[in-house]
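Chain naming follows the written order as A, B, C, D, E and F, and within any one chain the residues start at number 1.
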Amino acid sequence: MKVAVIRKAHFNAAHRLHNPSWSDQKNQEVFGLCNNPNWHGHNYELEVKVSGDIDPETGMVIDLGWLADLIKQEIELRFDHKNLNLDTVEFRDLNPTAENMCVVIWQILRAKLPEILDLHIRLYETPRNFVEFPA
Amino acid sequence: MKVAVIRKAHFNAAHRLHNPSWSDQKNQEVFGLCNNPNWHGHNYELEVKVSGDIDPETGMVIDLGWLADLIKQEIELRFDHKNLNLDTVEFRDLNPTAENMCVVIWQILRAKLPEILDLHIRLYETPRNFVEFPA
Amino acid sequence: MKVAVIRKAHFNAAHRLHNPSWSDQKNQEVFGLCNNPNWHGHNYELEVKVSGDIDPETGMVIDLGWLADLIKQEIELRFDHKNLNLDTVEFRDLNPTAENMCVVIWQILRAKLPEILDLHIRLYETPRNFVEFPA
Amino acid sequence: MKVAVIRKAHFNAAHRLHNPSWSDQKNQEVFGLCNNPNWHGHNYELEVKVSGDIDPETGMVIDLGWLADLIKQEIELRFDHKNLNLDTVEFRDLNPTAENMCVVIWQILRAKLPEILDLHIRLYETPRNFVEFPA
Amino acid sequence: MKVAVIRKAHFNAAHRLHNPSWSDQKNQEVFGLCNNPNWHGHNYELEVKVSGDIDPETGMVIDLGWLADLIKQEIELRFDHKNLNLDTVEFRDLNPTAENMCVVIWQILRAKLPEILDLHIRLYETPRNFVEFPA
Amino acid sequence: MKVAVIRKAHFNAAHRLHNPSWSDQKNQEVFGLCNNPNWHGHNYELEVKVSGDIDPETGMVIDLGWLADLIKQEIELRFDHKNLNLDTVEFRDLNPTAENMCVVIWQILRAKLPEILDLHIRLYETPRNFVEFPA
């Protein structure tokens, strides 16, 4: 009888989509406006879903305060008001597409959560575009 | 070719998170502000998802008017404008966490739906915290 | 390591729920206000979810501009500002319930997407009623 | 010390924008897709704002249950699941643009509300287009 | 050239609508379910609007961090996870309707803001009911 | 009998809050994370409100298609996927706070709209912070 608990969080950041092994022209063709060398940015809305059994003592799957604090420490402090390409080690050599960001956030939180809990990440890049991992 | 149909509903209620087998101090440590003996409350947003085959006669999985009425009779009338701990039999001896509420709502509706239909519940406790059952 | 990418789109249309093999009375009993012979309408909100592996060259599962254009060409131009029963071949002989619309949209887009990508459709008929295919 | 109370409501309807004194060509040029002779439709979201002094006995400006019922009786029953051009006297000879609809809804409710209360209407035709009266 | 700056905040609380000078029957007639002696509750969404001239040095009307902190100290800490009738001095002898709450929040923040700035409060009691002061 | 018509639009951009006449330390103290020299960014949601009399011929205050196109040409093409400080003449010497952006957008659109129409701008910098001009 597993229950999923979802906590929303928020950060905003600048980024640029770019493949350094490509020519400027190919980068422009593939990434369009997102390749702007002067950067652009987004408000990222994050949904962290943690699934597991309900603890009969607490009636909870996970302490939401602990989860909210984990997201703040590991994700918001790392990415909020940052230039993802310049200010973070995660995206210095990895293109900060929403897809890659979603997997990176999953990996960071996965390493901090008890193994018995399942983890799923949804990340909104804009109100009309969002990604999920695992699919 | 199963299709899922989702109907949203709403109720608001007071509650308190509390484990009567624990000391006041431990309750305070684990549940924090949610342990306030004078209660607090929420607007609960409910999403009831019912999945099954499309009836070729009607083009529908389930009559949405019937489903909306079921949710009103079984969930809204039971929980809306109530103190979950004091006014309901379901949570007299069960901690009204969002997780437990989600399972209880699933059990109540599961018993009223044809067996051939699948059921999934999502319950928002606040706009930033929500739960799902089954996970 | 499959990631899902979701793109939202919008169209509005008129329709009528009706089964021509039934009497007017039975249509009225089953479909109620939705059977109005003079039509009614909705703003349909569409979420197209495409899942697959991240292309290591682009960091993307699918080019979102290409996907947005596909949705525009295949869905918005076909259904936006239309009478679904009168103006479209898809619903001339198929009841335009949200369930049937969701399957039809899935079929149209499925035929245009690379086979290696998975496809899932969510369609909002109103802010409180929506459907998903596959369930 | 006037306070405003806002109640949201919902209806959906079919309509067509058309000026019968114009040629078909001019109607098409001015109203575009909205001129479709087979109709299209929307989910209309309505916000009714009533302003006045707080009654010291009740702590309320107006009884919200009474207001919700007024909106149901006067607006939802009149327009919900209707073809505005064919099924309503209000728009038989008046173009059912969002602007005209907003003024008509204001006039209907204004006649039913105590004169001492102010009235303001907001009407969403789509999530991206809405109107207000008075401006 | 005045600009308005709006900051959203959130708290949840239990309350009961009740006029102690009335009979139980009259309270029940006027306030209905909201008169439940065991309380019910809401997620309150608050929008604090502060208007004034742009400071040419900062390009801002008011420091948003300072405003967010003021709302946290004066409103959230006072009302969040509280029983408004039992746990707060403001509503011990004042009916905690949304209207009265909106005026009280305005009075609390008005006393803390520079006089040259205008203040307007919007308070959502549910997603479908909200109030504003001044009207 | 003036009616207001509101059209929503969207753009995303990178920016940095900075006053070049101040020391780095003072910029850091006043603007905090928003002063990051490597930029950060937002999804900006824009609401353009135009008010005027209803044209009895069209039933409209303004042609929404024309207004949507004006917003696209004058605002979206100018600011979308741009670095506001580096890529735009408007904010090369003006701090791109939400307040200043709101006034600049008002000025750009004001110059293009018929004088008889009133104009009001609302700009969301994040879902919790937004500004309006005129106040």
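One rule holds for everything that comes next: contacts are C-beta pairs under 8 Å (C-beta built on N, C-alpha and C of every residue); 3 or more make two chains touch, one makes a residue touch a chain.
Model, not experiment: these values are computed from the prediction.
Trainee: Count of steps on the shortest touching-chain route from subunit B to subunit E?
Mentor: The least step count works out to 1.
Trainee: Chains touching subunit C and subunit E alike, please list them.
Mentor: Touching subunit C as well as subunit E, we find B, D.
Trainee: If I average the CA coordinates per chain, which chain comes out farthest from subunit E?
Mentor: C
Trainee: With residue numbering as the guide, point to the option in C-D, D-F or D-E that repeats B-E in over half of the contact pairs.
Mentor: It is C-D that reproduces the contact pattern of B-E.
Trainee: Could you put a whole-Å number on the gap between the CA centroids of subunit A and subunit F?
Mentor: From the centre of subunit A to the centre of subunit F is 28 Å.
Trainee: Between subunit A and subunit D, what is the separation of their C-alpha centroids in Å?
Mentor: Chain centres of subunit A and subunit D, defined by C-alpha means, are spaced 41 Å apart.
Trainee: Mind checking the centre-to-centre distance between subunit B and subunit D? Centres are C-alpha means, answer in whole Å.
Mentor: 34
Trainee: Where does subunit A touch two or more other chains at once, residue-wise?
Mentor: Expected reply: 127.
Trainee: What are all the chain pairs that meet the touch criterion?
Mentor: A-B, A-C, A-F, B-C, B-E, C-D, D-E, D-F, E-F
Trainee: Give the list of subunit C residues in touch with subunit A in this complex.
Mentor: Going by the criterion above, the answer is residues 1-9, 49, 51-52, 54, 57-61, 63-65, 118.
Trainee: Which subunit D residues qualify as touching subunit F in the complex?
Mentor: Of all residues in subunit D, those touching subunit F are 17, 19, 30-32, 94-100, 102-103, 127-135.
Trainee: Hey, which residues of subunit D end up touching subunit C in the complex?
Mentor: Where subunit D meets subunit C, its residues are 10, 12-15, 33-34, 36, 38-43, 45, 80-83, 86-87, 126-127.
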